[in-house]
Every structure is written in structure tokens, then in C-alpha cells.
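One chain, subunit A, appears in both complexes that follow, with subunit B as partner in the first and subunit C in the second.
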Partner chain A sequence: MTETFYDVLRRQGITRRSFLKFCSLTATSLGLGSAAAPQIAHALETKPRTPVLWLHGLECTCCSESFIRSAHPLTKDVVLSMLSLDYDDTLMAAAGHQAEAILDEIRTKYKGNYILAVEGNPPLNEDGMFAIQGGRPFIEKLRETAADCKAIISWGSCASWGCVQAAKPNPTRATPVHKVITDKPIIKVPGCPPIAEVMTAVVTYMLTFEKLPELDRMGRPKMFYGQRIHDKCYRRPHFDAGQFAEAWDDEGSRKGYCLYKMGCKGPTTYNACSTVRWNEGVSFPIQSGHGCIGCSEDGFWDKGSFYDRVTDIKQFGIEANADKVGATAAGVVGAAVAAHAAVTALARARSKSGIDIKQGQEER
Partner chain B sequence: MHAQPPAGHAGNPADALQRAFARIAATRMAGLPVCNPALAVAVPAMRRHDGEWLGVLLTPWALSLVILPGGGGRFRAIAVGESQDWAFPSGSYTFLGSSEDGLGPYQTCSLFSPVFEFDDQAAAEAVALAAFDALLQPGEGALDSTAAAREDAEAARLAGRPLSNQAVSRRAFLRGSLFGGRE
Partner chain C sequence: MLAQQDAHEAERNARLVKAVYVYEAPLRLWHWVNALAITVLAITGYFIGKPLPSIAGDTSAQYVMGWIRFLHFAAAYIFAIGFLGRIYWALVGNHHARQIFILPIFNRNWWGEVLYELRWYLFLVKEPNKYVGHNPMAQLMMFLFFTVGAVYMILTGFALYGEGLGAGSWADHMFGWVIWVLGGNSLQVHNMHRLGMWVTLCFIIVHIYAAIREDIMSRQSLISTMVSGWRMFKD
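Here is the complex of A and B:
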């Protein structure tokens, strides 16, 4: 008999009532509306469960730390129940040979049908000797488990871009996952760490619907990385009106003026911090008075001080993003091109009930 | 918690808005690298909508939808950090509150910022006008392009191709799909 997620959750002591509540929470956080909740419940009750292997390469475990602090306790319990079954060397109960045996078992039993979540990245210098797990280089474990997986989630900026361990001159040749594994669909969830709610939503979406969320050109889920911090920042009106903090603790700082002149990377950073926020929607760096350091952007660790003003916008990766197409297109100024640029900008600006929940609660 | 509705602008406030932001451009924003020197402050469209003034504001650092009070009673003079949701035929939009000396309270919803994608004033104003039109029409165009993108993503997944690092064809680029679209 095939085992479903519902079976697993019940076995872990989650009541049916909690399960149904989880389904409606998930539907909302994904912006799908309450009508999708029964579909999610049905899928989890009937489809065979998808195992998740969670590997750790060169990293600091901040992704895991973020993940296990997902805002809603129920979401956390349910998602962890889904994940902890298989392999995560930080969270699993098994150890030693027993633990490593799970990898082989999942690979054989669920060949081509499990999700590989990778936190951190493999160092390639010296045949991968800078990250040894179970007596073998991490790169070998990654290649083997990736060979039979359905899709890969690259957690955080390490797996997505390389992050600080890849900073120049990158002595260990720490390399992001997509440059090592090239024959599998890869979903990048960058950030140092990524927002907990974003992580649980991505994982739940994939497990529930058995498909990838919609991705942008960089391979990031559009629903969370479609906007820059700057686009929805609550201090944005100060930017638009040219009101800036000029020094730490000056009058502008105290009035909550825009931190652009203090090095805020909000205008060049794609992430959901300004809408979803952190710590159960309490705050995010800019709200605490510090500029965004751009931790979800490729190369943020090698682009100078966090307090340097963004002077060359293009250097910070906007060119590499979807906007590049807009730039070329708008230069042509065909009426149809202008209309397309306008319509897509409006779509981006529209309120999305799903990810704006937290902010919405603060509004009246 | 509703603020008193501010006194509305009796006449079209487009000129007052343009003057206020031209002053900001010449003073507080002068010389900042986020400004696109090819652009100037302009209000390509502004008209009365449901009793308030609805328009689009172009500055060298942003292109935004803007609402000023027209006396219709729905506009709330809210502080920076607060927001008000507005429904238009194309959907619901969250506007952020602000206020400027000599202009009074206003609300904006950002469409582009920074605005380096525009080579000249004509290109930016064309997009501004197109956005204003599209705002007041049911938005089907955007749905088409995301549906196509979804199909692309699904096709790639089924074929086992990685979704990142895919080449952008001229066709996909012009059609504005997942790997060639703006969003």
C-alpha cells in the first residue's frame, strides 16, 4: 500500500482538524485563495508522499535555523513531519551508518521521484577535500543523490550563488549547485538565510502539487522573488520625495528616512523581506534602521562595503535580471512594447493577497 | 482610525505635482546616481477618477501611479509607512502615503524604480501613458504571458531540462515569456 503524506502526518500525531487548517494556511500563503484548500487536502490524502533528502555542504546552517522557525507553529510541525522522515543531518534522529543507509534506500526505492534540498555548496578544489562527510567528499554525495532525484532546491545564497565561502579568491573553489549539477531542474531560494515562510511555501508547493513553482530567468520562484525590496519598502515614500538619512543617528535616521545614502541595497535586491518580513512578520532590516545588504543577490559578498552607496546600479545585477529585457524593449518604444512593459509593471505592483498577509494585518 | 478626508484639489493638480517634484529633483535628488539624467519630472496623465485625482508621475528616479485628494471622500491623508488599497478595473493596488510642502498629502504606487530602462523622455512617457490606460482596463494581457510562462516551465520540467541558464530565443524574447519576460 502506498503511503501518503496524510498517513504520515496522522502517524506523527497531527489531528485531521490541524491538517485541514494547514491546507487552508498553505493555500493562502501561496496566494491561491481558499478554494484551493480542498485540492491541497485531496492531493496530500491520495498521492504517494514525495521524500525529501536535505543535504548540507559548505554552509553555516542559517537556512535550517530560519526554516525551523517558520511563523505558524502548525506549518512548522507539518512541514517538519514531512521532511524529517528521510535525511537531514541536522534534524534527523538517525546517525552514523544507519543515517547514510537512508540515502541509498531513498535513491533505490524512490528513484527519480524524490526532492533533493541542498543547503550550502560543494568545494571542488583538492578533489572536494574541504568538505568531508561520512569519510567522503560532499561533492560525491551530491552527485550521487542528484542523479536519481526529481528536482533540486538550492537553499540560500550558498547553494544558489556561492556566498561568502566563494568570496575572492575562493580558496576552496566553493561552487553553487547549478554549476555542478546541470541535468536537473533547480529551484534557487537565495537569501542568507531565506525567509522561513518562503522556504516552507516553496517546499509545500512542490510536495503538494508535484511541480515546480513558476520561476524567473534566474531560477527563483517568481511569487517571492519578483520584486525588489525597494518596490514595497515602507520607507519608499521618503525615497520618492528625496528624504534620506545622511549619517547614522542624524535627524533623518530618527525620522525613518530612506537609507539609500547609507548603503541600502534595496533598489537592487530581489526578495520578499519588505512584504513578508521576518520573525513572524515583526520587522526586517530596514525597519530596524539598517540598510538591506542584498544577501539574496549573486555576488553580494564581493561588491564592496555594505555601507557603500549603490552608485552603479547596473553593477549590482539588475542587468542580469528580468529587467534587462525591459531595458532593451523600452528603448525601441513600439506602442505594443510600451504597453507590454506597462502591463507587466502593473501586474507586479498589484496587491497579492498571499504574500502580503502580514502587512495586510497591520493595515486597517 | 480613519483620518479626516483632506480638502480636495478643486482643479487638476498635475501642474502643482509636477512643480513639487521638479523642485525635489533640483534639490534633494540632484546628482544622485539613482537618477536617470535622460529623464525629467512630468505628469503625463492626471484625471478625476471616482472623486479623487488619479495620475501617473514620472521622475528621473521612479515611475509611479499617484492619487491626490479630489474631495471624493475616499482619499485618506496617511503618514509615511501607512498604506491604502485602491481597486481599479485591472485589480487592487496598495498605495503608500506621503506628503509634501506646497502640495499636501498624496499617495503613490511604484511601477518602475530606478528608471534606467528608459532611454529617453518619450519612451518613459509612452510607458507611463500605457500604464495609465491599462490600469483602468481589466488586465488580460498580463495573464496571457504568465500562462505561457507556466507552460514553458512545465514543459522544461517534463523534459528534465534545468530551468535556469536557458537560452532566450528571439521569439520568446519578443513574446515576453518566462525567460524573456519583464517579470
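Here is the complex of A and C:
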């Protein structure tokens, strides 16, 4: 297993020309400039492949579905081989004991040198009974493989935050990877699913530079999650101008006005949808006329409706948003103040009239 | 002659009023600038969350949300810098300037007076006490709803502002952690910041009512004190 990525590519009939095209495209999509293209080519020609184990916990496989649709044909055809994807129970040909044996083999042979990619998350309730693979709980498999890995990639919102299966009341206690594995570097690539090109670019970056991409406070690669959808949205001028779609299919909505009032979560969502877009850069939700639902944000299922801007706050045990709670509180305070003022005025009038009579008597 | 009449009336009915200089000029100036900033912040903030009806026409000719946000941020800077100035004044000003920052919570007597004031507001006592500065109840409310509230609004507000300036900006460096501490979901911090606006509104209602009521009912001046700086005692 000492062959390089380049060897693998050539073996699979990819021309050098196509290979170099891929390198320059990757350099561009990583925002590295043209000078980095030869560096990427050199790395791929000389470095041995890093094994990747791709585990699936509680999930819907939308991350894998997204990943295999990575825009550039070469990315789809090549990265899967480049990765030396040695284990992925959805994609691999092997099954059963044969498949599980690969896990042990990689763990011992590449101790501390393989990357663990986790799609989905482990459910912890009932000793992990809600996700059984090969006859035992997924959480055990995750702990074992994570023990000897170099780094973990948390694919998608499930592995990064918990996503739908961790939404309240979270019956299986689905738990994001970083809350279970605490002693390994973890790169979160959230999204439901993440953008295909973001996934392949993160992997390529790690293979090329042999280090993790720079992460933000939340553990996401800065290069793709450094800005909000809103910051690069092509409808932003309509936001600044105060031009909004007020209802679905109204005049503003047809004119492509900002979807803020329709509950677009672009201003609070960190992702690259408005720059990289989806399906070979064809479109993204806002471009298709629907607001962003904030799928790459922590707990987005539990933070109120997709169609409200000022969303409901569930912490109060009632379904009400900040405005309803606030206006009610202000109303109560206002009424209390009015009542207090009335009582004060009455009490004062009563005592005042008493004083006046007294004074009048004194004057007489 | 009218003047003579007035002098006559004054001679008959006037009483001596004692006055103490409480609020120094910088503090009074801060109070009114701050009040204006909060008003602008609350109104523009409301419309940032629930924008005004759309205006049709050439997009490049409109900048409604842009201006609303600009006013909000400009007022926020005035509010925050004013608050820093107020802290400075608490250090160099007279001892009344420190009242809203430090509560004498270990003073049993003070708590007793808080209760006394509460009973006064509940119509259980006939006569309020006289205070040169805030009464203890007012001081407690000021601290909880203004001082703590202002810190909360500045922290959450500038954290959200840092999102617009972008990762690596000064606001992100200084306040970005607030979003992380509050759970990492920006939408939730927006909601919490908005809730803070409503809490402030409740405070303003009580604050203005109490000031007017005490000006009439208590034994000292309230509203004019924040204009002239002098606290007058009526008896």
C-alpha cells in the first residue's frame, strides 16, 4: 500500500492533463491561487495515500449522497480513489465479517495515521441499542476506531450538532461526535447535507497540507464557514434597500426580493451556499425562491419555524416569540403602573381634601 | 402690582426648601444622551427584526434597511461608549455616581430600607424616607435592569455586530465568544437580544412612572434633579 495518489489515478486511466486540470480546480476552489496548483500536483504525486474510514451512525446518508455528486467529474471519480477509502459500509463491495475485518486491519497497520470520517451520530440511550452494526452498538465501533485515528471529520449536521434525531425530545439521546470523543482533533463540516465541493475540498486540503484546515470557534473550517449566507447573498441589495417578499408568490417574491420576512435564516447561518452553490454551482435555496432554513446551524430543528424571522422561544415552555413575550410583559407592567397610579391618585385625593379642609378651618 | 401680589403670597405660603447638589453635569448629560440612544436603539432594533413594508422601485435608489441598521449601530456606539464614560465617572465623580454600580448587599440596614420602600410603593406606609441619591429600592432596580441589562445588551449586541463585520474583526475578537457561550446559535442570540429590548421597555415604563410619582408624592424632587443636578427637599 505504498502507491501514491498519482499512481492510482494513472492506473485508473486518468490522463496527466486531466490530473493537472483537477489540481488547478482544487487550488481555485480552496481559494489558494494558481501558484498552489503545482504544489497540489506534487503532493499527490509523492505522498502515499492516507486511509480513511467512513463510519455511519444514526443518519439518512444524505452526506454520502451529496459527496458522490461532487461537481467536477474528476472529483467524483478521483477523490473516492484518492482517499484510499478503505471502509464505507454504504459504498464498499465487501460485506459482513470481511468488511469489519478491514477496520481492525487499518487500525493496527496505520495506527495514529488514518482519518476517521463520521456520518451521523451515536445514540447513547439504552446502551446505544438504537444503532446496531455488525451485532453491536455503533458507539463501541466509534470509540474503538477513534482511539487510534489521526483526526476526525464530522460529516454533516448529525455528526456536528445532532440534527433531526437529536431534536427535542431526542428519544434515542443521539449525541454529536465531539461530545463522545473528546481527545482527538475534530473538524465539523455541518450542513444537511454539506455542500459536495466543501466535503471534497476539506479532504483534499488535509491530504495536501497534512494538517487540519484552520477552524473557527465552533470547530468548522473557516474557509467555508467563515461567513454567513447573508454576507454573500445575491439578494442582499434588496435587503439593504428594504425590499422584501411579503408573501409567497407576491410581486416582491416574483421580482426576487429578499426573503428575510419569509423567515430566511441566511443572516444567522454560516455556510458557503451563496458562494459555492449546489449541483455544479447551478443554484441554492434562496436562488430557487425559498429562504435558507439554517440547516448547518446547531439545533436548527428546535429554534422555531423556518418561516419566521423572530422565531419562537421554547425555553419558556410556551410557544411564543420574543415579541409576544416582551409585549405581554410590557402590557402587564403598563397595566400595573396605571393601576398603581390610579390608587396613588385616589389615596392622595382623599388625604389632600382632608388637608385642605383643615387649612381652610385654620384660615377661618 | 402683580409682583407685589406675588411677594405677598410668597410671604404667606412659602416654605424653606433645602437643596443638595447630587448629579454633576457629566452625569446628567450622560443620562439624557443615553435615554436618546436607547430610544433610537429600541425603535430601529424593532424594525431590524420586523422590517417596514417593502418599497418598490429601483433597488439602488433605496437604502431603508441600510439606514435603519446604520442608526442602530451608531446609537449602539454612543450607548456603549457612554456606558464606559459612565463607569469612568463612577470612579472620579461624587459618591452618588457609584450607586448604580455597587449595591451594599451586606448592609442589613440597607435591605431593611429596600423593604421599607417596597411597603411605601404598596401603600402600606404613609410617609416615604428622604434620600439624597437613589432610594434603596430604586438603586436595586437600577442595578438589575440598567447596569446588568446594559452589559447584557452591549455583549450580545456587539457579538451580533461582529458577525456582520466578519470573522477576525475587532468585534468578533472581543465579543464573538458571547455567541459561543450562549450555545453557538446566532439566531438564538438575535432572539435573546430582542428580548432584552422588551425588558428595557418594561424598565423604562417603571422608571418614568416612578420618577413622576416620586416627584409628586415623595418628600424630594426627582425629575428636575436630573436636569439641574439639585435635589430639593420639600419638608
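Everything below uses one rule, namely that the second predicted complex is superposed on the first by the 305 of 364 C-alpha atoms of A that agree within 3 Å, B and C clash if a C-alpha of one lies under 4 Å from a C-alpha of the other, contacts with A are read in each partner's own complex, and residues count from 1 in each chain.
Methods note: a residue touches a chain if its C-beta (ideal position, glycine included) is under 8 Å from a C-beta of that chain, and two chains touch if they have at least 3 such contacts.
Owing to the predicted nature of the structure, the values given are computational and were not obtained by experimental measurement.
After overlaying the two complexes on the shared chain, residue contacts for A:K265 are found with subunit C alone; subunit B is out of touch. Touch criterion met: A:D183 reaches subunit B, while subunit C stays clear of it.
Contacts of A:T311 after superposition on the shared chain: both subunit B and subunit C are touched.
Contact comparison for subunit A: of subunit B and subunit C, B touches the greater number of residues.
In the superposition on chain A, A:A339 makes contact with subunit B only, not with subunit C. Once the two complexes are laid over each other on the shared chain, residue contacts for A:E297 go to subunit C alone; subunit B is not touched. After overlaying the two complexes on the shared chain, residue contacts for A:A241 are found with subunit B and with subunit C alike. Contact with neither subunit B nor subunit C is seen for A:R173 once the two complexes are overlaid on the shared chain.
In the superposed model, A:G256 lies in contact with subunit B only, and not with subunit C.
Contacts of subunit A with subunit B, set against its contacts with subunit C after fitting on chain A, overlap at residues 216-218, 222, 226, 231, 237-244, 260, 267, 309-311, 313, 322-323, 325-327, 329-330, 333, 340-341, 343-344, 347-348. Residues 216-218, 222, 226-228, 231, 237-246, 251-252, 257, 260-261, 265, 267-270, 294, 297-300, 303-304, 309-311, 313, 321-323, 325-327, 329-330, 333-334, 337, 340-341, 343-344, 347-348 of subunit A are the ones that touch subunit C when the two sit in their complex. Those residues of subunit A that touch subunit B in the shared complex are 151, 178, 182-188, 211-212, 214-219, 222, 226, 230-232, 234-244, 256, 260, 267, 309-314, 318, 322-323, 325-327, 329-331, 333, 335, 338-351, 356, 359, 363-364. For subunit C in complex with subunit A, the touching residues are 49-56, 59-66, 68, 121, 123, 163-164, 166-167, 176-177, 180, 183-188, 190-192, 194-195, 197-199, 201-202, 205-206, 209, 213, 216-217. Per the touch definition, subunit B reaches subunit A in the complex via residues 1-2, 24-25, 27-29, 32-34, 59, 61-65, 80-85, 90-94, 96-98, 100, 108-114, 116-119, 122-124, 126-131, 133-135, 139, 141-142, 145-146, 149-150, 153-154, 156-157, 160-166, 168, 173, 176, 178-183.
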